[in-house]
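For reference, the structure is listed below as structure tokens.
Note that the chains are named A, B, C and D in the order they appear, and that numbering of residues resets to 1 at the start of each chain.
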Amino acid sequence: MMNFIIDVDGVMTTGQFLYDSKGKSHKIFGPHDSDGLKLIKDKMNIQFISADKRGFPISKRRIEDMGYPIELVPEASRFDFIKNKWGFQNTIYMGDGIFDAPILKACTFGIAPQNARQEAKKSANFVTYSKSAEGAVCDACMEIKKRFLGDHEKL
Amino acid sequence: MMNFIIDVDGVMTTGQFLYDSKGKSHKIFGPHDSDGLKLIKDKMNIQFISADKRGFPISKRRIEDMGYPIELVPEASRFDFIKNKWGFQNTIYMGDGIFDAPILKACTFGIAPQNARQEAKKSANFVTYSKSAEGAVCDACMEIKKRFLGDHEKL
Amino acid sequence: MMNFIIDVDGVMTTGQFLYDSKGKSHKIFGPHDSDGLKLIKDKMNIQFISADKRGFPISKRRIEDMGYPIELVPEASRFDFIKNKWGFQNTIYMGDGIFDAPILKACTFGIAPQNARQEAKKSANFVTYSKSAEGAVCDACMEIKKRFLGDHEKL
Amino acid sequence: MMNFIIDVDGVMTTGQFLYDSKGKSHKIFGPHDSDGLKLIKDKMNIQFISADKRGFPISKRRIEDMGYPIELVPEASRFDFIKNKWGFQNTIYMGDGIFDAPILKACTFGIAPQNARQEAKKSANFVTYSKSAEGAVCDACMEIKKRFLGDHEKL
């Protein structure tokens, strides 16, 4: 099975987060992505990663509520983490930030949300029609289904 | 009287929801929809449904605050629920997701918000001018009033 | 002095509000509006009104924090409230909803935010460049300053 | 080293803030800005300022979490604060409001986010591609790196 590794912030969320006087309190997740992941989860290894230590309890809660694994990987070690643990050859990666650009290039297939940084979009093989937290991961799942799972039938 | 069945998430809300470290905490509802529903509520059976089990206490609270009934219906059984309980022939349905597409086709009149998934918009008879939580349900009520309630007078 | 009567929801806020399982919890206010109001507050009677009973403690808190008066006026009695308490002739009104349309027409000068309902925008004398909670009230203050306060100098 | 002075609200945040019945509770920060600042922080004096007294504990918490200094400076004294403490000649300023316009003009280089007030954008040397809390400060850092840090290499 192929691997689908998904960055959380700015991909599953709007990228935005709420702060109150005690710290980072909330993240904003969106519709459709959970529906899209259901269509491919039996045919792919799905793994979420996040570099956001401060907001990790929030991300962990959401991703585990959906039933997927998540790991905290600092930006500096993200490239090597994917290289060593998953390998680039069998891996689809979805990310949105300036530090995601080299990973998007190295993986077999790189996906960036519509509202990703230009640096990430230029390094991606596929840019989604939707913005993050407006269906970007659902778009990605539809594209993966068509391209890699031999599933050309309409939904 | 005709039935107007409305999906909550992504129709009455932006589709987005807030998470904190303890789980799904808030949903974002919008203006105008309550005003629009007031214009047709005496001439239609209005029913809300939601497939979001985890966020159901939030949806239930909002919909019941407005004075309408809401029922939790899992996506897998939504088609049959509407078929058996309401029938498709006398029913207008408003939904936004990939699993709403067949229901939008089956009902007498299907409505999708401007920011619905393409799959839903293609199956709808009417796509609203406004996005969800920016007046989409108000747009739908205006259209229903004009088309089904014989009310051509200006507001 | 002229009166400037401003609806809160969808004018000072995005129109959106957050719900948790206990009810309406937060509203989203925006930048620039407080700055704009400061420029005209010594030359106009500024009054806020809201029809949102459930969210009134939130609106009241924000408006009073800024130092302006606010009154809860149900939609059904809003037209007569303004007519009897303020009169239409000396009054500028800013609103965004379908029930604001007749008031926008009756007042000396009607203002609608960029993202107001078409029904309100068609009845307004001036539609702001900005959406609500993105500077719509600031735009309105600039226009009022130029048109009614004889102040043509640049800021 | 040059100084980079950054207004918080509407530059690091969407400009919007949440209110509940007890007051200003949350601000909305965005992605990419912390990444961008990391690229220049060893070569610039970075200083945040805010005129928002009521929301200062929230802004302070976020900016200090990122490891930068922040100071509360009322709008009326902001111009003189920068002039006396930092000087305009060696200073880059980023702001979005109507009261930021004269400072943007006085500083060596003025930057406004895409969604700033027209008054600020007209007084700026550079308007970012992104809106605030969608990467505006990251855009600013990229531009500063290219223009002032002699760093023309691609990221």
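Quick note on the criterion: a residue touches a chain if its C-beta (ideal position, glycine included) is under 8 Å from a C-beta of that chain, and two chains touch if they have at least 3 such contacts.
What you see is a predicted model; the values in this text were computed from it and never measured.
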Residue numbers at the chain C-chain D contact, same meaning over half shared and different meaning under half, come out as different
Averaging C-alpha coordinates per chain, one finds the centres of chain C and chain D separated by a number of Å equal to 29
Note: chain D sits from chain B at a C-alpha centroid distance in Å of 41
Chain D residues touching 2+ other chains are 18, 25-26
Among line, ring, star, complete and other, the chain contact graph is ring
Residue positions on chain D within touch of chain C in the complex are 9-10, 15-26, 54, 75, 96-99, 101, 115, 117-119
So, in the complex, the side of chain C touching chain D is made of residues 14, 18, 25-32, 35-36, 57-58, 61-62, 65, 129, 133-135, 138, 155
